[in-house]
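Here's a structure for you.
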Amino acid sequence: MIGPDDLAALWVTLRLALISTLLLLLMGIPLAWWLARSVSRFRPLIETLIALPLVLPPTVLGFYLLIALSPSGFIGGFWQAMGGHGLAFTFTGLVIGSVLYSMPFVVQPLQNAFSAIDQRTLEAAATLRASPLDCFFSVVLPLARPGLITATTLGFAHTLGEFGVVLMIGGNIPGETQVLSIAIYDHVESLAYGQAHLLSAGLLIFSFLILFLVYRMNGTHLLRKEGR
Amino acid sequence: MNDALSFRFRMPLGNFTLNTTGEIPISGVTALFGRSGCGKTSLLRCFAGLEQAGDAYLSLAGECWHDSEQGFYLPPHKRAIGYVFQEGMLFPHLRVRDNLLFGYKRTPDNQRSGSLNQVVKLLDIAPLLERFPAQLSGGEKQRVAIGRALLNHPRLLLMDEPMAALDRGHKREILPYLERLHGEANIPIIYVSHDLDEVARIADHLLLIEHGEVMAAGPLSEMLARVDLPIARNEEAGALFDTQILQHDENFHLTRLGFAGGELTVGWIDLPVGERVRIRIHAKDVSLALDLPGPTSILNILPVTVTEMAAHGRGRMIVKLDLGGIPLLARITQKSQANLDLKPGMQIYAQIKSVALSL
Amino acid sequence: TASNFSETLKLLAPLFQQASGHELRISAASSGKLYAQIRHGAPYDLFFSADAARPIALEQEGLSLMGSRLTYAVGQLALWAPGATGQANIKKRLENGDFRQLAMANPKTAPYGLAAMESLKTLNLWTALSDATARGENIGQAYQFVATGNADIGFVALTQLRQAKIDPKQYWIIPQQFHQPIMQQAVILSSSSKQQAAKAFLNFIRTADAATILQESGYQLGDVSE
Amino acid sequence: MIGPDDLAALWVTLRLALISTLLLLLMGIPLAWWLARSVSRFRPLIETLIALPLVLPPTVLGFYLLIALSPSGFIGGFWQAMGGHGLAFTFTGLVIGSVLYSMPFVVQPLQNAFSAIDQRTLEAAATLRASPLDCFFSVVLPLARPGLITATTLGFAHTLGEFGVVLMIGGNIPGETQVLSIAIYDHVESLAYGQAHLLSAGLLIFSFLILFLVYRMNGTHLLRKEGR
Amino acid sequence: MNDALSFRFRMPLGNFTLNTTGEIPISGVTALFGRSGCGKTSLLRCFAGLEQAGDAYLSLAGECWHDSEQGFYLPPHKRAIGYVFQEGMLFPHLRVRDNLLFGYKRTPDNQRSGSLNQVVKLLDIAPLLERFPAQLSGGEKQRVAIGRALLNHPRLLLMDEPMAALDRGHKREILPYLERLHGEANIPIIYVSHDLDEVARIADHLLLIEHGEVMAAGPLSEMLARVDLPIARNEEAGALFDTQILQHDENFHLTRLGFAGGELTVGWIDLPVGERVRIRIHAKDVSLALDLPGPTSILNILPVTVTEMAAHGRGRMIVKLDLGGIPLLARITQKSQANLDLKPGMQIYAQIKSVALSL
């Protein structure tokens, strides 16, 4: 009942979710840190811009992204000038779309977690020979752990379920840009409810297990910190 | 000066402005003393490089750490300092052991001196090593914070009321260690404390701060012997003596000390004969008599000359005495002064309770 | 109504209102969604599907009024290549693979996609191209792929090209015999509370006035006898 | 160019976003509080269940919701037994769908913010005559302010842009369940790009202003707390 | 007992177990004293109702607050207590003013006593009212925390080292206020402190804690006069006297006090003649003489009888004296004891430096 296209879609989905989450964290962590510590007048502006993609329907966002990614568009033009080929209908394009759309879910929890860290704890680390970078990895990130986990799960889950943008800029090409969410959607649209149920159940169980494990681990950590 | 910590800071902090200039000798312990809110913590933060705003100059033994005119600023993590924060500031996500080792791990091998075990023993925190800071009592946190700073193998140790939450028992164990630390390893210590008694025990140098400014600074003995400073009014005012151990009396558990002005008998000091020790005599522990008294429990009765007298509020006065060239302070009531008709130049006897000598 | 018919429907609505006094409220989504909604009790009266399969299914499930099903229009597929200068030229480009990206609707979910696939099969190009085509969820997305320049050639609906007033030199209307006819059928839902009005509208669709609009929009007229 | 349907959609959207955000906060705040303080073994389970709707494509989630909301479904059946009418294709149904789908964006930031509050601060409030409820409003919520703002903006923005679920269970009925996102989508679908651009621009500007104001206010607050 | 705080707690805390039973009289100040980590904070938390686990019983003046056997537990916010936390715990989102008024606003009108202005003046925090806690120095935070607890109009005041970060100047202003508070408003105060000097100044009752257990408890004067407890070894050991003001000497700024055992002359006490005051004489400030000495600055020389003697380490000993029925302690060296050949029953003179009397 599950066809090879479905398996290919699963594979594309996992790759997309992993790569996007990784990129989201790589870009979101420094951005959130800057936002949490900055006193710049531009901070609220940038916070707003990050949250803005959220308010557009994904398909519409996808539509505008499609315009931007096209060879005459803002991003696509730049990409081609850099020697790239097309961006729309490629895996790379998908990643760009997912990252843009999921960014607020990653940046905001991280920013809150970073803001909550007492400046003096970082000063203590500095007096103990930790350079700012060292301090970031040995103090800031561990202290921001709950925020980091929220950011990762929201980013990951949202990329898994993301659909409107991906459908629009991905072009649903099997093995390349067809992700699981689209495959399920196709099954629903073409009245193949049985397959849709099966894939959905699979996705749900898989996600359930991952999320459950993450939350379990996080829980024990919180308890240890609580003290009395 | 090459063997000093020279500084000049002019920094605004809200309504408050820190405006200090001074020099601190790098050999020994310097105490920062002043009322709550006078700027002690702020100054310590400047030494650590935690405040950057405003006009600043700081150099340690000729090595520049901060010079806002030249645009030079050495960040805290490159200064090799130990900082005991007034409020602990342990890392909440690390166990006590990892808190202690935080700086240790980041110290180059050849700069390491003390070991974890040594510090753990000194601070009596062995049972706490596997706990998180949230599971410690107030005093336990403070001890871990001290240990963390010591294990950073600092070139300069900055301590902001490190003993405030500690009982006398623990203080009595830690203070001598700090004394040895600056003595042996030659690590200058800057020590904020409200407790003049504690200060007098370990400090060599005193910086009096008032409203963000250095009001007076100098060697502790001079500062304590000055009758014009507010500390003279303090319960803990007194004089310092540098002495040498002459003899031990094992029977009575006493030690005899010699100094330029004579000899003193004090409680047993666990050091070999010939060692130099510094003792302190509280002004309030010195009483005066015109004649040599009869049999009494007071062991030390020394002939002195009155040199100076200053009355200060509430019927009390401070009498400065000369003990063979060394100043000694006595606090008496104005009534006693009238009774005895004390005047500068008079030859009298100072009675010092030996047990009141503090090491 | 299926999304791709909603614009034409909007042209028909005022005429129908003038003629009958009934007001139309249009709810557009993909045929698959509408079908799922109808099965779960959507409060619709008439269902204009973009295919025949779903109306037939509704009829079999007894959710539509027996005998109400009719083919209101037959869609026409076109291959659009912006910047092209003639139909022959466009066909050649397709056969030679002279394009970067070909767009079409998803054959699994959209009737126009199915027709595009069948046409490519007829031209013996399907095996070569099937993995390289960008597929829109529906014909609307296929159009957007081309319109935004991300695909330089693509199968779209003639109605869209007409609506956007695209120069006829830029597209090639795919001959009807290349694929099964794109029968767009409508049914009256048995749950409807306004069956009289619904019937009136289906009758209106068959009038000459309506037929003109349908044809101008790019549809062929349905085989009324069916 | 903007038709009456568009205005109706705008109105529905605003109502939906406001009501959903309100409900999200009303339900999310106690839930997040419980999650932050509980040591129950069920906590990770519930955390997982809340995050789970995220991983499904919205339309597919909408499909399952449709099944659940229908008179024979789980929720719809219950609703009818309680004397309600239909849920699917009603505004109420939309609200249910939006709330479910946006819940993780509201609960997770709140939970992090609540967890970060030192238990002893609450104890201090208790010794100062504040009942647990009083303490919650006078201490917990103000201290959780950044998390609260993140939760509200993510929830609000996501409801504005939400689309797949709404389209599926709402049925795109003008004036009743057609929201702005669907209206824009329709315009794009029907090649009315001009209208789509106009509506999108309007939505973006409106959201930009709201978000910017919120972030500006939040920013000054953070600065005040920072001290040195 | 109806006029006491009766308690019994048996609570596990990690490796540590609090296992205490006792009674604290509700009139006056009770000090909790013990080494760092002995369980002082834990016990205070039990009084406040912040710990619930384990076996617990607590009643104030006959009113039950906690009885785990009956399943009764009165939550903290219904106890009308004031709690000064060891670590401040100000509300970071509220200005100092709102921190101070937090409990005040929640107190029923008829229970309110002190006013904001009064407390602000006492604690010297007027310039801080509009600041946030992050903008305060360590001592300033502590003062605000004290004010917040006072303005809660408590029936029971629990203070966990409230003065640890305060200088003597501020302490000297706050301590008498606390004394008056329990005196006038009859608010029992439970006071954790490491500083026996501070304890002796304000406490009436002492609870010695060791390893989570109450090791000894009783009126402060009895506890300080006991030679078998570890506090006797402390620098601050001494005796307490309840006296009455007999006369003021405005010339010399002195006050004459009378008590059962005789009279004492001390520094000026700003209270009317006839008032009762309690004074304390440190053992280390008392010296002994066999004969009445000649002219000396010591104003108080009183005839006493030796009653008991206890040697304790390092060559020192504590001599318990009888002063007209009242116990007085003197710390001398063992050598002095040998020199004077002191024995119980001997009639000698105790010399007390008047300025060493502490109020």
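For clarity, chains are labelled A, B, C, D and E in written order, and residue numbers in each chain start from 1.
Just so we're on the same page, contacts are C-beta pairs under 8 Å (C-beta built on N, C-alpha and C of every residue); 3 or more make two chains touch, one makes a residue touch a chain.
All values reported here derive from a predicted model rather than from experimental measurement.
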If a chain touches subunit A and subunit E alike, it appears here: B, D
Contacts common to subunit C and subunit D (chain labels): A
Centroid-based (C-alpha) most distant chain relative to subunit D: B
Which two chains share the largest set of C-beta contact pairs: B-E
Maximum centroid distance from subunit E, chain identifier (CA atoms): C
Between subunit C and subunit B, distance of the C-alpha-averaged centres to the nearest whole Å: 91
Chain centre separation in whole Å, for subunit D relative to subunit A (CA means): 19
Computed distance of Cα centres, subunit B from subunit A, in Å: 56
Sites on subunit A at which at least two other chains make contact: 63, 185, 188, 226-228
Numbers and ranges of subunit C residues touching at least 2 other chains: 33, 36, 144
Multi-partner residues of subunit E (at least 2 other chains): 87, 135
Subunit A partner contacts - residues on subunit D that touch it in the complex: 39, 43-45, 47-48, 51-52, 54-61, 63-64, 104-105, 108-109, 111-113, 115-116, 119, 146-147, 150, 153-154, 157-158, 160-164, 181-182, 184-185, 188, 196, 200, 203-204, 207-208, 211-212, 215-216, 218-219, 222-223, 226-228
Subunit D residues within the subunit E interface of the complex: 118, 120-121, 123-132, 134-135, 138-139, 142-143, 145, 224-228
Subunit A-facing residues of subunit C, complex: 30-33, 35-36, 53-54, 57, 100-101, 103, 106, 108-109, 131-137, 141, 144-145, 148-151
Sites on subunit A touched by subunit C in the complex: 63, 66-67, 69-73, 76, 86, 88-89, 167-169, 171-176, 185-186, 188-191
Partner subunit D, residues of subunit C touching it in the complex: 3-4, 6-7, 25-29, 33, 36-37, 40-44, 138, 140, 143-144, 147, 160, 163-164
